[in-house]
Every structure is written in structure tokens, then in C-alpha cells.
Amino acid sequence: MEPLDIRPDLEALKAAYPAVEIAEAATGHFDIRVSLDQYLDVVRFLKDRGFNYPACITAIDWKDRLELVLQLYKLVVGSRQSPLVMVRVDGLPREGAEVPSVTPLYPGLNWHERETYDMYGIRFQGHPDLRRILLPDNWQGGHPLLKDFVDKRPRRPRLVRHRDTIVSG
Amino acid sequence: MEQTRELLINMGPQHPSTHGVLRVLLKLDGETITWAEPDIGYLHRCFEKLSESKTYPQVIPYTDRTDYLSAITNEHAFCLAVEKLMGIEVPERAEYIRVMMAELQRICSHLLGLGAMALDLGAVTGFLYAWRDREKIYSLFERITGGRMLYNYLRIGGVRNDLPEGIIGTPRDGRDKADKTIWGFINYFESYVLPEWDDLLTNNRIFQWRTQGVAPLPSEVAIAYGASGPVLRASGVKWDLRKNVPYSIYDRFEFDIPVGKENGDCFDRWVVRVEEMRQSARIVKQALQWLAENPGDYIAPKLPRVLKPPKGEVYIRYEGSRGEVGVHLVSDGSANPYKVKWRSPCFTHLQLLPVLAPGHKLADMIAIIGSIDIVLGEVDR
Amino acid sequence: MTAQYLSFGVLALVTLWSAYKVVTARLITHAALWMALSFTSVSGIFLMLQQEFIAALQVLIYAGAITTMIIFAIMLSSIREIRVEPQQQTFGQRIRASGLLAVVVGLVFAAFMTYVYYVSEIPKEAVPDPGLLTVRQVGATLFTRFTVPFEVASILLLLAMIGAIILTAKETE
Amino acid sequence: MSLADLWAQHWFRAFVTGSLVLVFALGNFYITLWLERKESAWIQNRLGPMRAGPQGLLQVLADLFKLLQKEDIVPRNVDRILFLIAPFVAHIPALLIFLVVPFGPNLVVADYDIGIIMIAAVTSYAVIATFIAGWGSNNKYSLLGAMRGAAQMISYEVTLVMSVIGVAMMAGSLKLSDIVLAQAERGVLGWYLFPQFIGFIVYLIASLAELNRAPFDLMEAESELVAGYHTEYSGFRFAIFLLVEYVHMIAWSAIAATLFLGGWVGPTPADIPVIGPRLFGWMTGPVWDNIWGFCWFLFKTYLLIFIVIWIRWTFPRVRIDQLMDLGWKFLLPVSLFNIFLTGVMKYGWNVLAESGSPLRWLFWLWR
Amino acid sequence: MELPIYFPLGLGALLFGIGLWGALTRTNAVRILMFIELMLNGVNLNLMTFTRYYYPENATGPILTLFVMTVAAAEASIGLAIILQIVRNRGTVEVDKVDLLKG
């Protein structure tokens, strides 16, 4: 059970794609900052280098821009400490972001991409069946996990006036 | 000539054997399924949006509610993530208590998963036996944490309260003390319950008819679809995060990882889970020995009332009872987590249904759903 | 004495009424069920004639096997038109006209039977209550004097089964 | 009109014995339903009904009243007559079987000398009753369920009759009372259970499938979307279907007890070698024979009912295609082999009887 | 048997008559098969009546009826198989519509 070292793979990636920034985070995973157009090639490159296990794909809303995060790692039977790699695409516009889908490469991310679309509104080109997964199909309220999301559904009138009954201390 | 036109039916969301509010759209040609599509979202409680407006300790009760059948493992995952983010050192006694509770919870959740699958296949007695043993674990948990199913027992940095007096008991406790002391339960569990499971169901001819050869899952497809936990191991991939990506103090325990054959089918997923319960019992025994040898009461470090972890991100992978639970925390230095992403194994396993179901009979669909053992709380979050 | 007339009268009435209903029942499934009823009452008459073995066989073969087979055939064959029987306009007249035909045929047949009955030298008066024919005797003669017809009948059944399977097996297998 | 010559009247005797059989069936239905609840509770280590009456004995009464007072909904565009008569047609086979079963030495309603064929003939009505129920309730799903149930019943009816022929060959007659008498001579070890063990096992499995019970209850399985042919029934009519299922179960257990376990044959207290005649001598005589016979018959029937219920609560459900494979490809050949085996063994015993060679004891079991 | 013989004989004849009448008038093939069974039933009934009234101890009567029943069962199964084929090919089970030989 020898610890798995993925540094050579990252050097090879750096050699292949110089524009990529690779950094090791304090909490033990590797961040790979990628630009939008190189994203799919980098993921394909990593897959060929043996990163076969799709952990999950999600997005982070930094209030002015969206950042897509794809987590992969090498599932090598008998290995220890197989570190996680986060492929990050920053600077996506908050509405109408278009990102190539990785479902053809990793079928396991099919629903994760649909959930990210459902929650953040990032459209994935090439996804076999991109529609909302958790929210009802006829949901018009926008994408809930965005920081500026306001629930526009009509407020039901509150039947009992809450304030008067309880004498709050 | 008049073809038997395909029957489109939907199973659920109030179907008795879909383990909660899952709706599966099925196209049937006569008796065989030609197309299956799960439809989820009926139990979506926006866990991730909620936790963005809560402080770190306040999020812990929410994590219980995701996979409500193994609450301790979820709490454990979240606490590990925060501790890694803030670099908190957890006292050793708390670590042992956490591991013991997590493994007991794994036994309990497997019992229910196996019992529910047995019930769907018609073995009502198997289901009730699972219920009986779960009650014993619940009475233990009630004495330790106060709750029976959702505990809010773990705290960031340790546990809320120490184990009550005399709950560990002595290794000689037998069946009579099964719900009084943990040793009593473990001895009762290993000597009486596990052999009974094998006789009642695993070696039952009709059970084997219904499950063997149903929905085989090759290991490459399992890995490509992100399967994890018992489903992945049943397909012959020896991958257990407690061993391969050790967290907490799991590297101090020795236990082995049950693995199914290459094309693991429903029966292998069943056998792997039964075997895993045996391994969890072994871990609990080792934890109990350590807890008995060094009593103490230091269970949680002094932490400021309002936790403000440094800016940064963490993604930890935890071996939940149903698979790999991923917690991705992003913190901006404030008291509230900026983003919490809960990578749920059941959510990922449900993607296997459209791959596994076609070609099988309608009755097999029940066995398939039972064998991948999904909990809708975790699927919909 | 009257018990026999009474029971025969009831059974005969049930048989004829259900046979008539088989002809005139609008839905074909009803016809099948009426047929089962007529088989049952015929088996009742066999019981009256103290032939239990044949009565039981009648129920077993006719009311059990053949009716079920016909029901399955109805289900498989004309699912669409089960509900609505094609009501040709002339259907009504045809039935009424042919009702006459039934009576004529019945009379001709009965006349022919009575002629055969008188001309043949069968002993005219009924034999007093004879010893009952036990199944053992029937079995014994079946396998001694009638072994060849018995084997031929079994081959016939085999052929029927094979024929039915070949004709109806779908090509999918 | 004294009772004696009244009894001589055929119709009066038929009426009395018929009603006695009906009382026997309903009484045993009550006890079997209670036994099913208690036994399943015992197997699943819970208590079962305890509140209604001592040990829950009145619970079944409570169930029946609950079902009786429920509104008997007859859906609108249902095939009215068929829908209404279906439960009662389903009753015919269940009750007619008791006609032939010997409860005691001379406690038989009508002892036909074609006993077993009569049972086979009567059970073919169950198929028609299922179809009537399924077709009557006029909904696609219950029709599908009915056809599936009918198919299952037919394929297992053949096996059922074949498995019983072995017993008829051993006893040399189809009359059930002859079969019981034959077993009486052979003593306890001589019951047909031992030589006909294959037949007994095949009979048990086939009768479970015929009853749509235990591992073969495809129709009520919640995993199947079709809830069986009695989906549209409610209230009283549904109670009748429940009654039919249990009376059928009792009937099949009674037949099994008669054919394989020697119906009313059993040692009575008077037969105890030394003290028997002196101490219990007064208990002999025709009336007492009937009473002891009936007790032994009940004991054996309930032993088999116990086994049937036990099987139901331990085995999971079988899939429809496995069910058909088991029926046609395994049970039928096995029962045919059993017939062949019995024939050879009996012939061997008779042939060697003349030559008197010790080899004969090899066939002793089939003597 | 006080019942005069021509009572069951008459019933058999009438049963046969109804079977014949139905077979001639109805057009649904499955129903025609039913009438054939009815006719065979009539025949059986007559056979049994003669056995019971004149030759009760002679076992040939029941055996002949047994053979009639066997033939009836075989004929019914083959008939239904053929009907299913007709339905599969022609789409209808109405006898008067299946007139391929009209040329």
C-alpha cells in the first residue's frame, strides 16, 4: 500500500499545457487552474494519465463570477493517499455560462452536471440530457444556489400573528 | 400484426418498495423492462443553500438529515472537513468514540438496507429480524446521545458528551445484555445474528434464484459511473476509503475489505454488505478494548464560541455506509460556510439504474433498487 | 320416483338454457362461461346415470381444460373485438330464421333415432337396477381389450400438443 | 316420521352432512386464520394479536366484522353478474373437496370410488372462478392478474394430480377411505409418507402454487403492479375471497393428511399395550373410534397447515418465469418418475414374493 | 331407472341440435369450436344413456366416452391453434371474412 505520487503526472500536464497553473492546497489536494477553452483537453489529458474516478463537479459563486470545479482522483487498488485533483475554470459569467460537458469521458458525472445546471445555471454543451434534476420541471424561480437568489414565489399569508403571542425576553 | 405495444408505467413515488419517494419511469415490453429513468427531487430540502446561512456548528444537525439512516457517519464527515480546514487536533478518546459510533451506525444502516431488500423480495421475517437488532443499537445510542435516529452528537473537535457509565460492559456480556452494553450487543451480534442472516436468507435457495445473475455490474462500468462503497466492492474493486485514503484513526484498526467477484450482481452486493457488518463489529471490538484500557474524560478541546475558519477550501472523502461521501467546504473567513457541497453516493448510484435495469423483469427491478440500497434523503439532499 | 324426474328436469333445463345462451350470448366470454355451465349440468346427468367416473372426467376435461383453453384463446385472439360484437343488421333475422332450422334438425334427428331404436333388436325393457360399474372394471378393460386404441389415443394427444405448439410458438424464441 | 326413517331419506342425509361439512370448514377457517397470525408472530418473535380475547382469539372475529361492515362497493361499469357471483364460484372447489375426505372411520359425506379424480375435477373450477373474478372486475390490470393466476393454477394442477397417483397405485384404489384403510394395516411406519416421500414433497410444493400462497403468491406481491384479481372487491365480497383462500388451504392439507399421513388412523389410548385395555377399555366402540379418528385427522391436518404457514413466512417470492420453469421442467418430471418408481417397486415386491428371496426386503417399503 | 329412456336421449338430441344450429349461424371461429364441443357432449350423453339402460355392466361405454373426450380435447387444442394463426395472419376471427379461396 505505497502512497501514490501524482507529481510526475502534474509535471507532464504542465509540460503539455504551459498556460495551466498547478498549486498544492494546504488541505492536501491539488488545484489546477485552467482557462475555459483548454478545459476539455486538460480533462482528457488527465483521464489518459489514469485519473479514472470522477468524484464530483460543482460550481462556486464568487458574487461577481462563477467558478467551475471538477474533482477527480486515481482509483488504484491497493494504493494509499491517492490525492485529489481539482480542475478549476474561473471567470465564468453569472448568466448563460457555456462549458463543454465531460459526461462522454466520465458517465458518472452525468447527474452532477445536471445538478450544477439546476443550481447555478451553467449550461453544459454535449450533455446527453441537460434538464433540471432536483427542482420540479416547471420551476421558473431561477437557480437557487446563486448568492443573489431571491425566492419570488408568493408569500402565503401567515394565519396567526406570531409577534403578539410570545412575550420575548 | 398486432404487436404488444410497450407499456409505459411509473413506479412510485408512493411505491412500497422504492425506499422512499423515488419515482422510476419504466417502459415494459410484456414483462421485460426496455427503458428505465429515475425521477428524483421529491425530498429536496436545499441542504446546501440552508447551510450557507448557518454557522459551522449549526450545520451539524442538517448533516444528520441527509442520509438519515447513518447519521453519525455524516456528522463525522462534516466534522473531519471543518477540523482539517481549521487544523484542530481531536483528542484521542474522542476519536475512538467517534470510530466506534460510526461503525455501530454502519451495522445499523446495513441491517436496514438488507432488511428492506429482503422485504421487497417477499421475506417479511428477514425484515422484522433486522428491525429487532436495530432496536438494540438504537437503545444503546439513546443512552449515549439521547436520540435514537438523528443524534447531533459529534462536535467540531470532539464529541458532545462522554460515554455514560457502564455502557461499554465487559467482553463476557452475552445476549441478555445485548441492549444494555456495547460488548453485549457485539457478542450477541457476532454469535447469533450474523449466522442467522446467512441461514435465513443468504443460503436460501429462492433468495439466490431471485438475486444471482441479476443486474451484473462490471468493474470498469462501476468506476466510470462513480460507484463507491458496497456497490463498487461487489464488482470486484478492492477500494475502501478507510484503508485507501485513511482519515481519523482508521489506520490503527486492522480489518479486511470484503470484495465480490468480477461482474458483481445483486447477490454479491448482498454478501458484501453482510460481510462488512462482520468487519465493522471487529473494529468496534478493538475500539472498545482501547476505551476500556484508558479511561479519561478529555473529549473536546476548548474552542472559541464562534468558529471562524481561515479562508480556503477543503474536500474530504469519507467511507459512508452507502459509499463515498464527499464534503467540499469553501470558507471566506466568516462564521458561515461560503459553500458546502455534499457529494452523495446514493445520488451517484441512482445513475446506474438506466444501465442495470433494461433486459430484466419487473420483479428484478425491485431486487436491483434494494441491492444498490439508496436513501432518498441523501439523493435529494 | 318423482325425485328422478325432478332432478332430471332441472338438469335438462339448465343444460338446454345454457346451450341456448352459448348461441345467443352477445359477448364471447359470456358464451364460454355458459358453455362451462352446460358441461357441468351434463356431468350432473351422468351422475344421475350412476356413471361417476365419466361425470368426474367430464368436469375435469370439459369444464376444466377445454373451457380454460377456449378462454385463453379468446384472450389471445380477439382482444380488440371482445368488447363489441360486430352487430350486422341481418343478425337478428338470421337467428330467428335459423331457430326454425334448429327445431327441424332436432326433429329429424329424433325421428331417425326412434327409427333406429325400433328396428334394432336391442332388448326393449330397461334392465333392473344393475350392479354399479366400478372404476376398477373400467380400468381393467381399458388396459386389456382396448390397449391399442389407448396407445393410439395417447399418440393422438401427443400429435395435438406438438401441432399446437408449432402453430402458436412465436418466432422470438 | 321418526328420526331413523328421516335419516334414511337421501335428501335429509345430504342436507345434514353438507351443513356439517360447512360448519367444519368455517370453524377451521376461523382457527387457521388465528393460527396464521399467531405463528407468523412467533416466527418473527413478536406477540401477535393479544388484546381481543384471550391470546387474541377474538381478533379474527373483529377482522370479519370489520370486513362485513365495510361498504360493498360494486364499481359502475363492471360486468355485474360475473362480479357478484365470482366469490361464490370460487367457493365450489374449496367446499366440494370436503365431500370426499374421510374425517373418521365412517364419517364420510359421499365416498365416491373415484375419490382422487373427483378432487382433481373439482379443483379445475378454481381456474374458472379466477377468470370470472378477473374478467368481472373489468379493469385491465386485474384481468392480467387473473390470467397470470389461471396460468399458474393450470400448470400446477397437472403436477398435483400426478404426484397423488403414486398413492393410488400403492393403495390399489382411488377411494380415499380404502387408501386410509390400506395405511391402517401398514402401521405407523407404513404411512404413505415414507414410500411416497417424493410424491409428498411435490404435492406440497404444487399445492402451495395452486393456492397462490407462500413463495408463489405472485398476485398479491406488492412488487408486482397488478394487485391480483380481487383488486376491485371490498367488504363482504373480499371477506369471502379471504374465506375461500383459507378453506382451500384446509382442504388441501386435509387431503395431504388423508393420502400421506393416514387420515384418521392413529393409536387410541385403548391400544396402549399393557394398561390400555384395562384403564381405557371403556373408550372403545364405534362411536369412540369415530371421535379418536376425527381427533387424529384434525391433528394431522393442523400439522400440515402449520408447515404451510411456516413456509410462507420464511421464503421470499419466486419470479413468474422461475415459477413456470419449476412447475413444468422440474416438478412434473419428478412426479412422473415417482409414479414409475412406485410401479417398479410394487411389481418387484410382488414378483419376489413368490420366489421368497431375501432381496425382497429391499422393496419392503413399497409392499 | 324409472326414467324412460327417451328422456336423456331427447336431451342428447336437442343438445346436438343446438350445437349444430349455433355452428351454422354464428361466424366467430372460437364460438364455432364451442358448438362442436356441445355436439360432442350430446353424443356422449346418448352413449352413456344406452350404456346405463341396456348394458350397465359392460365397460366399453365409459371407455368409448373416454376416447370421445380425448379426441374432443385434442381437436379443441388444434382448432384453437389454427384460429390463433388465422388471427395472426388475417387479423380477424370472423369465419366469413377468411375467404382466401374465393379467387
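Chains here go by letter, A, B, C, D and E, matching the order in which they are written, and residues are numbered from 1 within each.
Just so it is clear, a residue touches a chain if its C-beta (ideal position, glycine included) is under 8 Å from a C-beta of that chain, and two chains touch if they have at least 3 such contacts.
Computed from a prediction, not measured in an experiment: that's the story for all the values here.
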item	value
Any chain that touches chain D and chain B	none
Chain whose Cα centroid lies nearest the overall Cα centroid	D
Euclidean distance of C-alpha centroids - chain A vs chain E, Å	76
Where chain B and chain E are represented by their mean Cα positions, the distance between them in whole Å	67
CA centroid of chain C to CA centroid of chain E, Å	6
Multi-chain contact residues (two or more partners), chain C	53, 57, 65
Multi-partner residues of chain E (at least 2 other chains)	none
Chain C - residues contacting chain D, complex	3, 29, 33, 36, 52-53, 56-57, 59-60, 63-65, 67-68, 71-72, 75, 134-136
Residues of chain A defined as touching chain B within the complex	1, 25-29, 52-56, 58, 60-61, 69, 71, 73, 75, 77-82, 84, 86, 106-112, 115, 119, 132-136, 144-145, 149
Residue ranges of chain D touching chain C (in the complex, touch as defined)	10-11, 82, 112-114, 117-118, 120-125, 127-128, 131-132, 135, 143, 147, 150-151, 154, 157, 173-174
Sites on chain B touched by chain D in the complex	9, 11, 16-17, 31, 118, 120-126, 128-129, 132, 200-201, 204, 206-207, 209-210, 361-366
Contact set on chain C toward chain E in their complex	1, 4-5, 8, 12, 15-16, 19-20, 22-23, 28, 31-32, 35, 38-39, 42, 45-46, 48-51, 53-54, 57-58, 61-62, 65-66, 69-70, 73-74, 76-78, 81, 86, 94-95, 98-99, 101-103, 105-106, 109-110, 113-114, 117, 122-123, 126-127, 129-133, 137-138, 140-142, 145-146, 149, 153, 156-157, 159-161, 163-164, 167-168
